[in-house]
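Just below sit the structures, each encoded as structure tokens.
Shared between the two complexes below is subunit A, which pairs with subunit B and subunit C, respectively.
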Partner chain A sequence: MRGILTIWKKELRVYAVNPTAYAFLAVFLFLSGLFFFLGITLTGEASLRVLASNLAIAELFILPMLTMRHFAEERRQGTLEMLLTSPLSPFSLVIGKWLASLTLCALMFLGTAILPLILAHYGDPDWGVVATTYLGLLLVAGAFCAAGLFSSSLLDDQLAAGLLGIVMLLPFWLVSRAEALVGDELAERVSAFGVLNHLEGFGRGIVDSADVTYFAALTFCFLFLTFRALESRRWR
Partner chain B sequence: MIEVSGLNKAYGPRAALRDVSFTVARGEIVAFLGPNGAGKTTTMRILTGFLSADAGDVKVAGFDVFDEPRAVRERVGYLPETPPLYPELSVGVYLDFCAELRGMGKAERSRRVGETMERVGLAGWERRLLGSLSKGYRQRVGLAQALVHDPPVLILDEPTSGLDPAQVAGIRDLVVSLAGDHTVILSTHILSEVEALCPRAVVITNGRIVADGSLEELRARAPGGAWTYVEVQGIEGRQLGGLPGVQVVEPLGTVDGWECWRVRAGADPREGLAALAAGGAFRLRALERRLPSLEEAFIGVVGREGTAA
Partner chain C sequence: MAMSQRKRRFAAGGNAILVSALVVVAACVAYLIADLNRVRVDLSADQGSVLLSDTRTKLAMLDRAGSPVMITAFSGQRGKKESYFKDRALLDLVEELDFASQVVEVHFVDLDKDRLTAEKLGVTDYSTVVVQRGEARVDIKDRELFRRVGSGAERRLDFLGEQAVARAFAQLTADNHRVVYTLVGHGELDPQTQDLGGLSEVAAVLEQDDYELKRLDFVRQTDQPVPRVPDDAAALAILRPKVPIPPLEEDLILAYLAGGGSVLIAVDPGTPVPSLLGRLGVVIPSGRVLDKLLVFPYPDRPVPRYKGHRITKDLADDSMVTVVSSAAPVQPSVPAREGIRSSIVLETSRDGWIDRGGEVKNGQGLFEPEIDGAGPASMAIALEVSSDSGLVKKGTARVLVSGDADLFTNGLLTEGPGNSSFVLNSFRWLVGDDDRISVVGKPASVRRLAISAEDIDQIRWLALGLGPILVLLLGAGVWAARRGR
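Take a look at the complex of A and B:
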């Protein structure tokens, strides 16, 4: 438990002085402003519905780039050797890093908080829906950060790790519309793996346990794979 | 303190360690000596639990590295070949993080970090960013990281590589000051380092231990053994070789008109040579018994095994 906190604090310190993190943060804030503007002007609704699904796609591209550093860079610097020969458990290392990335995402979302405030100024948004939308986006972030950590644990080059992370996540986006496009039973099953389908409910103010389970399972799988990838390095 | 027996490790088809066994007693400083790629780093990584082994037993501080890795890691300080630093952190923050990894509380951390920085010569450097440090200071921070929890066992992988002579001397003094309370294994391919630091060396080449003992023992294993150095005038090499007891003479050149020779003999030839010179057979300026240098011993031991493998 203490190890997790130690790693979490260290990662946030490193993020705080990392120019790349700020660059991606800026891109994310820019995109959220753009999607917000388009959503409002196209639908004429005082809601974050359009924003949410578009931000999930932005997360898909940005979060692997924010997490690509983690293991690739530790390995290049030789610090992974230090961490893995300290009493810290690999479990604490993975969870600490994941929580730090998630904390960064939460701060990123906090930066977009101005958007619902603008809604409130001109309209009357449903605050419950706003809250569930953010919850959904945070669950997506958890899964995507886990995927980014996994790709980072596989490759030594951080940029390659970031791109691999994006490639690993793309199918989860692309299958989302399979059901709508094809409509047969296979397409329906395939699209059950889609991220957007599971996010949709949150955008309408519904927290479905199936959706929560989906994101939790995705996160768990990627974190578990990360853990195994770290362990396997001992056996090379 | 460290017991290694029958250690084997292969990277794919390439054997990195073959049946490596040695023990290190408490408080001892042992050098791991060998050419690059001999298996020094692999052995150290297994000792620290970073790598697994294919076969063999390793005990550090009484704990099995493979069964109780955590207990071992708590008792080992490890400096990898490149100091493991985060360029974006400052010296103070980094060492505090290292101490926290070792489970120390806040007060203990600040005390230990201060003491350790003092010890490795980093006092006053808390606020410097690691990324801005020179090679010598990076190495010091790496050492501080290994020492911060005051571990009974220290494993240092090439602690002086790439440093200037003054920095090397600083690190050596530090390592010597650690002897006694700490058991130290350090790897190097610099022989003078072994002479300066370690009474004992384990020579490893091609993943095999080819020699293990004091430096004197290692030297005695060099081909030819002890010899006698002479500087003479008024005698030719052939005549010198014909003297009673002398077996081989090898020319070593001339210095200010004096001829220098390496003389090998069955028994110590010094007394005989001195008596002959005193009798006026030739003029003698130097007469000295010499052991082979560590370099010669090293090449003797490593070269032989290297061709056999």
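Take a look at the complex of A and C:
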């Protein structure tokens, strides 16, 4: 636990002094504002549903870029070997870095808190639905950060790792829109694995155990694969 | 040496791949198990995202029947202002129906794109829902799915789709068309009157279960050789006669009851009490029911408590309040009549009483033990009359006596969250559709923003500019501080 906390603090410090993180945060807030503005002008509704589905897609591109440096950069600087031979376990390393990314995402979402406040000023939003929408976005962020970490653990080049992360996550978005590509029956089966389908309920105020399990399973798989990828350095 | 190292790497790699694959498979299995045993919690304020208890009851009936039901919902017209809300409401509904039932299959069709499906079903209008079960089919039009309420800035669009689909389920479930007659000719409440004192909205609510409300006038009855309650009557409602019902007509009602019929009798304080109530062991004492627990701001509207009757069980479980207006006390006679089982349906709290005039403070009556009757005071009772009573020859007759006739009018139907359910469940119990008794809900409405053209600029700046600029300034500060070090 102390190991996780050490890595978490270290990564947050790196984020805090890294201008790139601020640039990503600014882009994220701009996109959030844009989706929010388009959503309310198109629908006139005191809701974050349009924002949530679009923001999930934006997360798909932003988060692998945000997490790409975690292992790729350590490897480039030669500090990964040091970390792996230190008393810290690979498990602490993976979880610490993942938690740091997730914390940054939570701060990003906190930055969008002005949007529900705008809704409250001009209307009467359903706060239960607002809360579940953010919960859904945070679960998506958790899974995408884990995927970004996995891609970062595979490649030495940061940019390549970021792009690999996006490529890995794209199918989870595309299967949500499967009905446009394949027949109804097949679409129904494969779309069960789409991120947007599992985010949809949160946008209506519903917390479904299947949706939560989906995101938890996705996150767990990617974190486990990251752990295995780091461990593989011992026998490769 | 090199060979053994390669072997070791191969073994370790193979093991790692196998374990990873197993973990991924285990995660997929965990998800599939969770998908099959879903637990859903609706955290929205109006609980509008999960299906109403009434719809769930009907879906359970369809599931029990087994034959598949196909729901095809067609999109709204693209580019129209309300299409987004309409499509989203329909999509949410069909998704919930699909989730809640084993036999219901749902399709959402973009009418502009999928013309073939529209032509196959003969649908030409946007925002239409087609519900099919075998050969039977019910088409639900846009005007039945959505209702515009209010005007100006207060104008909103209510979604009535769930109730409409539930009504379609009722129409498609076996042959459940029932006729409920309302007695007229003595100044009773009229099903054709559309004002607050009428029953037109009640008739619409009853339609949800395919119950038809028809007038019955013994004097002008031309379709029978002798006046009588028609054979197709599932129940008879006598709602607040303003003049006493002639004995001859009361005999006709008793004859109907003798055949195992069902009757709803509703009176108000001070209105004539049908004398047949006495034969059924029901007493309507003088006065009106009051309670310290009142519906604000009305001084004559006690908050009723539900007693353990089938009509109100689900309302009690869901804590749905039924609002009554000025109510007359309704009591079973003591001692109870043989062969008549009476149950209190609505009554006041222990702080309630039967008020018979006297002192009034701040517009509210006060309990005066010397003239008033002590509470709790019952406002509605249900009777099951068996052949042991000597009144019934065949089966068991059901009678519901309410001390508040307004409870069944348009005016009070939407006054309390439980009112429409109480009315519909009363009739369901009377006609013997006990398995349909459930809570019906209110329409879902969209939460609109009140934004003017000037507000738009302000929102654009706040949403798009403020956050990113602050973050960029912070980032620039951090960058400058690091360079300065």
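Quick notes
Please note the rule applied: the second predicted complex is superposed on the first by the 231 of 236 C-alpha atoms of A that agree within 3 Å, B and C clash if a C-alpha of one lies under 4 Å from a C-alpha of the other, contacts with A are read in each partner's own complex, and residues count from 1 in each chain.
Keep this in mind: contacts are C-beta pairs under 8 Å (C-beta built on N, C-alpha and C of every residue); 3 or more make two chains touch, one makes a residue touch a chain.
Predicted model only: the values in this text are computed from it and were never measured.
Residue contacts after overlaying the shared chain place A:Trp127 against subunit C, while subunit B stays out of touching range. Of the two partner chains placed by superposition, only subunit B is touched by A:Gly78; subunit C is not. With both complexes placed on chain A, subunit A has more residues touched by C than by the other of subunit B and subunit C. Looking at the shared chain after the overlay, A:Ile118 reaches subunit C, while subunit B stays out of its contact range. Contacts of A:Phe224 after superposition on the shared chain: subunit C is touched, whereas subunit B is not. Shared-chain residue A:Ser86: touches subunit B; no touch with subunit C.
By the touch criterion stated above, A:Lys10 is placed in contact with subunit B alone, subunit C being left untouched. In the superposition on chain A, no contact is made by A:Leu174 with either subunit B or subunit C. Within subunit A, the residues touched by subunit B in the first complex and by subunit C in the second are 17, 235-236. Across the complex, subunit A is touched by residues 11, 45, 48-52, 70, 73-74, 76, 78, 80-89, 93, 97-98, 100-103, 145 of subunit B. Only residues 16-17, 19, 21-23, 25-27, 29-30, 32-34, 36-37, 40-47, 49, 111-112, 114-115, 118-119, 122-129, 131-132, 184, 192, 200-201, 204-210, 212-214, 217-218, 220-221, 224-225, 228, 231-232, 235-236 of subunit A touch subunit C when the two sit together in their complex. The touching residues of subunit C, when paired with subunit A in their complex, are 8-9, 12-13, 16, 19-20, 23-24, 27-28, 30-31, 34-35, 37-46, 48-50, 84-85, 88, 92, 95, 107, 446-451, 455-456, 459-460, 462-469, 471-472, 474-476, 478-479, 482. Against subunit B, the residues of subunit A that register as touching in their complex are 2-3, 6, 9-10, 13-14, 17-18, 77-89, 234-236.
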